[in-house]
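Common to both upcoming complexes is chain A, partnered first by chain B, then by chain C.
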Partner chain A sequence: MTAHTSVIGTDFPVRDARDRVTGSIRFVLDHAVPDMAHARLVTSQLPHARIRSIDTDAATAMPGVVTVVTGADLVDRDGLDPYFGDQRADQPAIAIDKVRHVGEPVAVVVADSAATAREAALRVVVDYDPLDHVVDAEEALELGAPTLHDAHPGNDCGAWGLHRGDVDAALADADHVYRGTWTTPPGSHVPMEPHVCIARWEDEAHDGRTGNGDDRGHGGRSLHVWSAAQSPHAVRTALSGMFGLPEDDVRVEVGNLGGAYGAKGQVKIEPLVACAALVAGRPVRLELDRDEVFFTIGRHAAVVRLTTGMDAQGHIVARDVDVVYNAGAYAVTSPGATRQALVRAPGPYRLANVRLRSRAAYTNTVPTGPFRGAMTAQVCFAYESQLDDIAADLGIDPVELRRRNLLREGDVFATGEELEDVHFTSLLDDAATAIGWDEPLPATAPGRVRGRGLGIMLKSTITPSRTEVRLAVDTAGRIRLDSSSVEMGQGVTATLVQLVADWLEVDPDLVDVPAPDTARTPFDTTTSSSRTTFSAGAAVRDAIAALRDELAALAAGQWGCDRDDVEVDGGTVMRRADPASAVTWAELVAASGRDEVLVDGVFQSRDELDSTDPMDVHGRATVHWHQGAAAVEVEVDVETGRVTVERAHGNCWAGRVVSPLRVRQQNQGCIVFGLGPALFEQVVYEGGQFTNPNLSEYLLPSILDVPRDLTSSALEGGPDSELHGVGEMALPGLAPAIANALFHATGARVRDLPLTPERVLRALREAGATPDRATGTIPERASDPAGTGAGDPTTMGGASAHA
Partner chain B sequence: MPDPEVATTKVRFDLNGSVAAVDAPIGQPLLTTLREGLGIRSARGTCGVGVCGTCTVLVDGRAASACLLMTQQVDGREVVTSEGLVGDHGELDEVQDAFLGANAFQCSFCIPAMVLTVRAHLDEHPDADAEDVREALAGNLCRCGSYPEILAAVDELVAARAADDVAARAADDAAVDREDPR
Partner chain C sequence: MPVASWLEPTSLDQACDLLADDEFESTALAGGTAVSLMLKMGFLDPERLVSLARLPGLDQIDVGDDHVDIGAAVSLSQVAQHATLRACLPSLATACASVGNVRVRNIATLGGNLAEADYASDPPAVLVSLGAVCVIRGPSGERRAGVEDVVVGHYTTSLEPGELITSVRIPTPPGRSATYLKYLTRSSEDRPCIGVAARVDRAEARPDASVTGLDVVVGAVAGTPQRVAEATEAEVGRPLDRAAADRLATAYAEAIDPIDDARGSSWYRTQMIEVFVRRAVIELSDGPGRGGTA
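Take a look at the complex of A and B:
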């Protein structure tokens, strides 16, 4: 046996790297099954309306059309509950009786070919009775607003609060009190691969039982689904509930995902496709058009009202945060996500007095769900922007002000929990150093000014959650890890190979990690919330301990010795007393007469917030806190209001890094992805219409937007540090970092995302920082960083560059 | 599967070095023809309006959006997809090689199209520098944010080509010297 070389901490490549470059990897998009029919959606053109009738005759009459399915086909159908939802079963697979947002599926045309289905969908005529609609979340919470769901009066889609200390008294005693409102518009994830799903009803149960008639529902058949989904078991649970099937009779397979960022979490089009396949009596495939992807899921818009009290020494003495999230037309995760949002709202600061409120409202807009940096970017934009306003007002350097207030090891958080593994000051220092915080700003062309800014955040991860894995060794000595963690380019398959190989001390080439398939791979809550490296890692560790035990017991049985006398090494077992007794795992398994030795591993986080009183949420919010920061240097064109990010740095607390490459890709990916929501991405509703569901008008960052100088760092502990997921850490801080850099450069403060040229110009005018039309010169204000007075020694060192 | 109601025409074109002959419904996007009829998977639809670049193919050597081209428009022309850049014995094109070496991919949905865009640009502009190629890639979107690695791949490739050029020119000069001893 050769000495084992650790692969944790190396840039171990994903196995299909070559296929990813040539294009031969397979997505669900590429999957097909025999006799498959194709679906096309008919979607609502109204934001809120009763459905009077749907005329499907002309569509149905077209040659090649199999059927047209509407909500009416789903109600009263034996054994089918047409509603689904992660936390509230409020969403119909296809609209029933009424529509609640533009783009909601009203009918599904199933045809022999996709082209025929598309043509026929144009011939479906829907007659509506329009209802009053509401787009804005705060309006939706007002008395008399249109109600979306009778079961949820007042459009309540989650409301949580907590109060620690005495905020009112502390604000009354504070030397300075700052109030502001920050907004984030609705957004869209825009994975390049659209949602795509195939559903097939099968006569044979997935465990090999044959159908035994109606007693198992739907003619004794089982349901087989291929879907581009981040949470295959959530899809299984939902479909099992809707169709009254045992979970084992629903099989969900997931291949490589062409991007997700939260868009493919929970359950999306699978119920609709499964219903269509049931009615059509054929396997059905649906691939969404781009506008339909926009209509399926989006990011929560938010209004954040933030009040912060300061003492004269620059310490935060009290903070009050009130956040209203726009849930869209269906709950998806909003009721629970607003509770997660609550604990993400105060920011990574010591707060003896803190009051938080987090609510979500149903509106007639696209349903929302977790979006990279979920329920964190919205609040981080507020608290990190406000902190720079405070710094300017108090004449304290923004980095120094943060340093005085950031959470430290052992501090008590808003939830009452004592914090451990806290690294905010290190992240702050890293971000400031990387961006050259104290260095002079470079010279700029006339009409351009530069500034620097940063933002730091804390984020909980989904808690509680569960991940199971299975680990097998076969008679060839190959090792297979069955895991339902979904590969979407973040490299989870390579990470899992690394962990298994490293901890088992075997050659990584011996380790296989097949794609998720709920018929074979065990339960996992979801691949999201930056939880997988940590939770799947913990499950793998558990499985490895079990495998060593199992192999030792097997050897002890074969050798007739005590299992404590057996030593399990990387790839071999031997009797301690007799090195010559060593046999390989392959030989051991073969001698046992079994095909493979199989063990289970489990991670289950048990901590949970206590929200018995939803207005007094407390307890432990997360298995561990995600921590990260972003810092930028921007150049502002004061004539056009255009902001260009010239330099950017993203960082995260990574605990123990499994792959430096993949951490860097996540940090840099956060920065690149985050440029869109910060600078130009927004869904625009007018009169309840979603006006820009396409990539011509909903702009994504291109390669030309990438900062010329883009860096990343991963802060690590020792070899015993916890593993951390790192998919979102640098993102929430980016938008406030850019807004703060704009403020630093010009004194202009924009409190609404995105930072469009129009908004920047308006803010420049308000700050008196637009160029003099006659002379073309920029007024003094624009060269006074952060408006703090260039003479103050605590202001940023870059100040002199503009003077 | 052609719809019986829809008129089709016969379209013949060169696809990755072989003849492709299809009965294509009039107006059917080339992307549909490639994916559904001809087994091409590397060109992928995303935006449907020619702005994201993931369906890029080369038509007579130039990058084009297969979602916007009608199949009939490539009749008699030469179409290359990412599959066609790979040699008979699995050799990668230099652009593919550069992307692989720089780990220039995450979900990878957009990557083959990026490779083709770079290929076309370098073929049309053999002396292009990294900045030119960066501009050429402005129409290929990557949502994962793999642009930094893609830029690194381009930098590496352009530098390697320039070095090869210098070496080739030196070799040419040496050959000329030998032919012409003056």
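Take a look at the complex of A and C:
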């Protein structure tokens, strides 16, 4: 056989690249099943209200309408628990008794056609008793605020803390103390493909058994769901719980997703569609309208209060962080996500004294969940912005100040864990070099000034978590990897093919990776949190070892020799003593009389934070830390406040790189994706109403917004390095990098996202950076940004390079 | 209600009759980029859609000695890419090139753009600044009206039931220069926070020649394109210099009471009116404008 050529570390192509570019690949959106009916939602127009009555008569009477399902149809139904939730079962499939946010589904019209369902939905009349509502998370935590869930008084949706060292004493002894508040508004993921789901109740069990006829309330039937979901097994678990079905009687299939960014994690519309199909007695399909996507899930708004004490030499001596996240109307992942947020809050710095508090509050807004850079971008905006304020105040270059304080190998983190595989200093150096930190700024037109800034972050990944895979070799010698990792354009399928082919030393063309199907592909926690390359990679490695064992044992059995005498090579097995004995895997499997040889592989991370006392969280936060940075050069129009990102660079610690191209694409994707939340994306509530649930008023970056000069680096380890997910690393640092570049250019500091021209203009005026009309030049800085009265205006002048 | 019928008249008279027949139940549709959005949002609920796609003669661009006629069905892309129009009507070509995105521009029409009367669209302010006149056909014949008399309010026109814009006539006198500055506060595909269209006529085609006519029109800050006639008229016969730009900027910022929306508050728009009126006038003071976006 020919020598194996490694495919790890090569730009192995995504197999369906051409179909993606020409628009011919099929998404979950394109799926249909025979006899399916179509659902349309009736959604709440009030942020908080009791439902007095729902009149469905006019809708039901329309020709073509199958049924109209409301919460009342679900409450006393035998064998159905209508509530679901990743961590708290607080969310009804369809509103029951009350609504808690604008856009919450109140009724589901099921009809023969989507057009009829849409028409009938207009005829459903809902009568409400409005209740007081609350939109702001901090207001929701105040005494006397409207309560969303009786089971959760005070709107508590998670509260965690930790304290290491003695922050109060250290702040008292500090030479300088800096305090500030940074805010991030609610946001939306806006995947191009909306949420879509088909649910069908089936008489046969998925393993071929006929209906078992027991009285589980659904006639012994099983449930088959097709959904655009990042976590097929989470959907299976939730539906099995709601309908009282064994997990094997719920089958979830997932094809290509048209983007997700966290919006399709956990469980979304699947319970609603499954309930509608149950009541309708027909397969039901629901595809959300764009506004309904906005109403289904969003990003946590956050208020971050950050206090940092410094010594005279520019070392951080203490840090206190208090973060309040807005969970929205239902918990989704917030109770646990705020614990993850806790450990992401202090930043990648050495902190002998650190106190962290992370809370989430229920509010009458769209439920929130993981959003690319989850629970990290909000805090990174605070700690990286504040660090540049401190640098200016102390007269230390921002890169130098970071270098003095960044975590290094063996440091002890806030959680008490000793850190390994720490690369922050290298990432900092790479970002600074890439953006030309020490180079002079280019000349600009009158009225325009340039500045540079950067931001660096650390992020944990979901821990513990589990990924199983199954690896098969058939009689044709083809290899199949059954995995429930979801392809959403990130290229996970190509990555898995590369890993299998490389480690098995076979031709990648022999490797198939079918789409996730919980009836066939084994358990996976989720495709999110930048965990898949690492965790699926570990499971694949485990499966490959098992496969080699199994093939060796099979050959040993056929040849009547000792297993240790068998050598398994790329595609062949042979007796060590007799090279002429070599047979292909195909021949070996065929001779065994089996259709295929099948083995399992598993990855299970067991480390977990100890939060027995929620205010004393400690332990190991993550299987490994994600590390990344972003750096930018911006040009500011000082008359308008508009900030243009002219150059941007993203990087990450990538460990062993499977595909350099896809790492680059992820880093660059982070930058492009992150421009929106940094500069203009925000969900706006007025009087409890979500005012901009459409793409005319919730703008996304377009190709014309992409910086002219967009670069990326992957810091790679050697062949023995761990694999790393890289989907989010360059994103959290971007917004503070831009804010810092604005500050560098003008002395104006904006502490609220997004950095809209209007906010920037107001900050420019506050900073005294208004232009001289005749020349467009900016007067010398009048105020020091940290507000300490000790600013050194010479370190951060208008058009100078960083000192 | 879903739209019950889709009609494709093949003559203007037929189209006007269909539209006049029942003004509340019929909606005219050219490129459909605005109408389809409004249907989807439920802002329009017509029984029938009257497509203008098969009407003859609306897709012509005729370049005359001292004017240009652009058919109502000419797409914004065609205006933007037409070599002669780019040379003789640069501010209009610039404005048309900046609407929405290429997918919208390829199908949206100039006539449709005016008939929609979207306060935050780019072409209306430019057309007003150029003194453009709409040719309008209706059940009782043809009439002409300046664009400022057609776009009369927030998504409101003076078109009567059954009336259709068939073409737009734009004067192109010698010695004219014009510019359009579009200012965006969000993504590059957003509609403008403000747009400023400025046009100057000079006795001779030299930057320092005396000004015989001047117009500055601000779009996207109110229901209709805004001009401050006293301020522009006062500059006629004077040099168009930086001092003039400052005077106009101040006058416009003081006179216009801008709206608030997600692209900018009223306060912010006032600041931007000052900035962009000044920039537009300075651009013309320096010589013939080629247009551009801010």
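We adopt the following convention: the second predicted complex is superposed on the first by the 772 of 803 C-alpha atoms of A that agree within 3 Å, B and C clash if a C-alpha of one lies under 4 Å from a C-alpha of the other, contacts with A are read in each partner's own complex, and residues count from 1 in each chain.
Keep in mind that, in the parts below, a residue touches a chain if its C-beta (ideal position, glycine included) is under 8 Å from a C-beta of that chain, and two chains touch if they have at least 3 such contacts.
Values in this document were obtained by computation on a predicted structure and should not be read as measured data.
J.: Is A:Gln665 touching the first partner chain B, the second partner chain C, both, or neither of them?
T.: first
J.: For chain A, which side has the bigger count of touched residues, chain B or chain C?
T.: B
J.: Contact-wise, after the overlay, does A:Ala545 reach chain B, chain C, both or neither (first, second, both, neither)?
T.: neither
J.: After lining up the shared chain so the two structures overlap, which partner does A:Gly23 touch, if you call chain B first and chain C second: first, second, both or neither?
T.: first
J.: Looking at A:Asn692 after the superposition, I want to know if it touches chain B, chain C, both of them or none. Which is it: first, second, both, neither?
T.: It touches chain C, and chain B stays clear.
J.: Going by the contact rule set out at the top, does A:Glu758 touch chain B (first), chain C (second), both, or neither?
T.: A:Glu758: touches chain C, not chain B.
J.: Is A:Pro63 touching the first partner chain B, the second partner chain C, both, or neither of them?
T.: first
J.: Thinking of the overlay built on chain A, is A:Ala115 touched by chain B (first), by chain C (second), by both, or by neither?
T.: both
J.: With both complexes overlaid on chain A, does A:Leu704 touch chain B (first), chain C (second), both or neither?
T.: Touch partners of A:Leu704: chain B and chain C.
J.: Identify the residues of chain A that lie in both the chain B contact region and the chain C contact region.
T.: 115, 119, 696, 700-702, 704
J.: Which of the residues in chain A come into contact with chain B in the complex?
T.: 11, 13, 17-18, 20-27, 29-30, 62-64, 112-116, 119, 189-194, 256-259, 261, 289-290, 488-491, 661, 665, 668-673, 694-696, 700-704, 706, 710
J.: Where on chain A is chain C touching in the complex?
T.: 115, 119, 637, 639-640, 642, 676, 679-680, 684, 691-692, 696-697, 699-702, 704-705, 756-758, 761, 773
J.: Under the touch definition given earlier, write down the residues of chain B that touch chain A in their complex.
T.: These residues of chain B touch chain A: 1-6, 25, 28, 32, 36, 41-49, 51-52, 54, 81-83, 85-86, 92, 96, 99-100, 103-112, 115, 134-135, 137-151.
J.: Can you list the residues on chain C that touch chain A in the complex?
T.: Where chain C meets chain A, its residues are 1-2, 37, 101, 183-191, 193, 246, 262, 264-265, 268, 271-272, 275, 294.
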